[in-house]
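One structure below.
As written, the chain order gives the labels A, B, C and D, with residue 1 at the start of each chain.
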Amino acid sequence: MNQSVSKAAQENAKNAKPERDMQQVGWNREQMAKRCAQDIEDGSYVNLGIGIPEKVAQYVPDGREVIYHTENGLLGMGTAPSEDELDPDLINAGKKPVTAIPGASYFHHGDSFAMIRGNHIDVCVLGAMQVSAKGDLANWSTGAADAIPAVGGAMDLVAGVKTIYIITQHTTKNGEAKILPECTFPLTGQGVVSRIYSDLAVIDVTAQGLVLTELAPEVSFEYVQARTGVELINALG
Amino acid sequence: MNQSVSKAAQENAKNAKPERDMQQVGWNREQMAKRCAQDIEDGSYVNLGIGIPEKVAQYVPDGREVIYHTENGLLGMGTAPSEDELDPDLINAGKKPVTAIPGASYFHHGDSFAMIRGNHIDVCVLGAMQVSAKGDLANWSTGAADAIPAVGGAMDLVAGVKTIYIITQHTTKNGEAKILPECTFPLTGQGVVSRIYSDLAVIDVTAQGLVLTELAPEVSFEYVQARTGVELINALG
Amino acid sequence: MIDKNISSCATAVADIKDGDTVMIGGFGEAGSPIELIHALIDHGAKDLTVINNNTGSGRVGLAALIENNQVAKMICSYPRTANSLVFPELYRNNKIQLELVPQGTLAERIRAGGAGVPAFYTKTSVGTPLAKGKEIRNFDGHDYVMERSLKADFALIKAKCADRYGNLIFNKTARNFAPIMAMAATNTLVQVNQVVALGDINPEHVVTPGIFVNRIIEVANPQQESQLVKDGVVYPPMNKVAGE
Amino acid sequence: MIDKNISSCATAVADIKDGDTVMIGGFGEAGSPIELIHALIDHGAKDLTVINNNTGSGRVGLAALIENNQVAKMICSYPRTANSLVFPELYRNNKIQLELVPQGTLAERIRAGGAGVPAFYTKTSVGTPLAKGKEIRNFDGHDYVMERSLKADFALIKAKCADRYGNLIFNKTARNFAPIMAMAATNTLVQVNQVVALGDINPEHVVTPGIFVNRIIEVANPQQESQLVKDGVVYPPMNKVAGE
């Protein structure tokens, strides 16, 4: 997923633009992945998006057995290969070399997306450009006129996987809110997001609205609210 | 396919009822299958229905390599097994034991009927209860109220296979025409039949009508016409 | 840890409820999960909708499930076969419903159910009584009928080998409906001849990936339907009338 | 006698015509039939509609076919990747059309084309710009978009092994789109690392049955796209500007 943000996005996301601290506040990328990994249950079938979501696999707690699906035709994806194991015919959806675990299986794209579309994958972790209060997700296009549109499997994943987790910086590099009343970028899917793991907080998408359930260390609810385009429900207080 | 004919059928097929000779006239079952086999081209993918159509495989001329499909999941069906080879897990669509040739492949029902529906099978040879002047086929039900309806793969085969050949007795056991202006039994498919191999003649279904292209030995065009419910075009005269 | 092995067929079928939809694998006897079906008979769930290509033969397996009055409705393509006695009698007496579906449409409806496709179009059955009441739509000059997908609460299937993840391989034409039924059911129960170690099945040869499988029951020497029918076996034995 | 072996890639692609629709296998470089694509460049057919998940990388293979102005339209899910230079420039200059399709919808449209299904419904893309102009229909309370099948005049794919009937097996994730493209094309051309004797591929392990394959070309040591890109290879070599 392209996580860069266009001029159009900067102009549109006017809800909250506090200055972003240069100093580290909240969770870093590894910590976000680690926090998300706590919620991946034993026995889950999981598809991880490119970028921070990929890191989730490294942090699944010991004792849990999780099977990773990559939409280009492999269930039971393993870690990156050693030099010896490297095979250009064995790659993941990000086109990076991977390995296959004992108990893996290969299949064609038709069958692979039948797994996705047919609700067989339990969890998909993706990046986001914007998430709306209703769980709409925009993560494939800024809608900029000069961009080369590219969607890949993102729309299939959000439409078909049972639970969609989002890992994202809470705001853009310029401090604009990415969690908004409505997405201003073209949607990837409507009402598809279950939970957001940002650098500042964990937020659930519920019928009542966005519920903040957890704060990064030393981060206050007010700090998060000030960087969020919609009113959050504080489950902590 | 159930080739027996109900009371209803007897009452409906009123077009032509000459007495049926008890003595052999025209081709017998083996000869019908042999005649049809002449038209199975080298390299064809062929699906054979239950009954006389099954016999076609025995008569394909030497030097032609034909691959048989059975819709329950085998391409490259071979002959009946010896006692030693018999495996209840290796059967044809008629649920009879078969063998698999070198170069065979197994697949599931979804893929098997994708082959059929997707126009990949070249020829299907089936039996008929009735065939209309437009090539409509009825071969699955007499429409009798007390019958247990059963269709199997017949409708898929006629809808999906490129060329449908019919092998059938020219008339019912009671001498009624089976080739009719319109089928009176429920249809298997509309305008699907290409050619009919009966005990009396070979008849092509064309846009102009039914064209008789070949007669069984010692059978006259008039003899065939008298046993046919529609006017035939005589390509021989 | 993922281990889909279950100790017995009885345990595997224990949560099938009255009114559930159950797909049962097999084409005739090839691939028929006799031991799972018999466990379902012992279990006793009623008012089932059963999806299978046929209706069983003799008085064992699927035919016995029907005879035991557990099936309210059959969805199948060919309800009468040699040795099929139970269904025809119940059907003639209006004691069981039948939804007759062309075999390929049945397969594609099941595959669609597993693949998240709620409906599709096919040429099969256009212009026949089996298209009655269904939407007909023209694409590129040809008529097609719209067919809805089929899903099930449970699938009962048979495979040759499984590992603890539920990866399956099959034997010859016994594969038939099992892979697509495994996809279309919420709970897929598989009786296998042999459970092998993880990694013993080559990932290139897996036919049904474990993601489609929920429970595995090893039945090392399954009964063969045709042999049972030949031997005049009736299941459950108590259904056999005195003097038969 | 059935023998689908063809002596060269050039012979295999010789009847591809201007304006044809060509499916090309591969996901990135995995499964990309480089030698067949280069033969198509030598052959020169123009105004092609090409279906592939991506648009190639560097200046070889699919990217070179596009650079050689043989492609009027791409149907794909992800036209920009690392080292993808050719397509973006042509696209920005309105010199090539793009039909952007979600990856799973692309796969299912191809599978439908091969399976005789003219149209189907999917949840994917509902409520997004990619559903614009398409029929939306509600089934059981959920909205779905209707998608049409995709077919092709030719499919160019790569496999690991073939026998003379055209039965294919693949290598790992290089399988990707090849089996469904083989189903959806009138003429399926396969470059294989190895042709083996009939019977050497276990019937249980065949991934693509020979019925979906028309021509086999043995390319024992195929070039690897990433290596060519790394080496700065340009195809055809004459396209390389002097001094580059």
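The criterion applied here is as follows: a contact is a pair of C-beta atoms (placed from the backbone, for glycine too) under 8 Å apart; a residue touches a chain by one contact, two chains touch by 3 or more.
If you're wondering where the values come from, they're calculated on a predicted model, not measured in any experiment.
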Steps in the shortest chain-to-chain touch route ending at subunit D and beginning at subunit C: 1
Any chain that touches subunit D and subunit A: C
Higher-contact pair (C-beta pairs counted), B-C versus A-C: B-C
Subunit A-subunit B separation of Cα centroids, rounded to whole Å: 57
Whole-Å gap between the CA centroids of subunit B and subunit C: 29
Rounded Å distance between subunit B and subunit D, as computed from the means of their C-alpha atoms: 38
Of all residues in subunit A, the ones touching two or more other chains: 74, 100, 106-107, 113-114, 116-117, 160
Overlap residues in subunit C, where contacts from two or more other chains coincide: 108, 111, 115-117, 122-123, 170, 172, 203-204, 207
Chain contact graph, described as a line, ring, star, complete graph or other shape: other
Complete list of chain pairs which touch one another: A-C, A-D, B-C, B-D, C-D
Residues of subunit B that touch subunit C when the two form their complex: 70-74, 87-92, 95, 100, 106-110, 112-114, 116-117, 136, 141, 146, 148-156, 159-160, 186-190
Complex contacts: residues of subunit D adjacent to subunit A: 27-31, 53, 77-82, 87-88, 91-92, 98, 100-108, 110-111, 122-130, 170-180, 207, 224, 226
Residues of subunit C defined as touching subunit D within the complex: 108, 112, 115-123, 137, 139-140, 142, 144, 148, 169-170, 172, 203-205, 207
For the subunit D and subunit B complex, residues of the former touching the latter: 1-2, 111, 113-117, 163-165, 167, 183, 198-199, 201, 203-204, 206, 209-212
Contact footprint of subunit C on subunit A as seen in their complex: 42-43, 45, 63, 65, 67, 69, 74-76, 100, 102-107, 113-121, 160
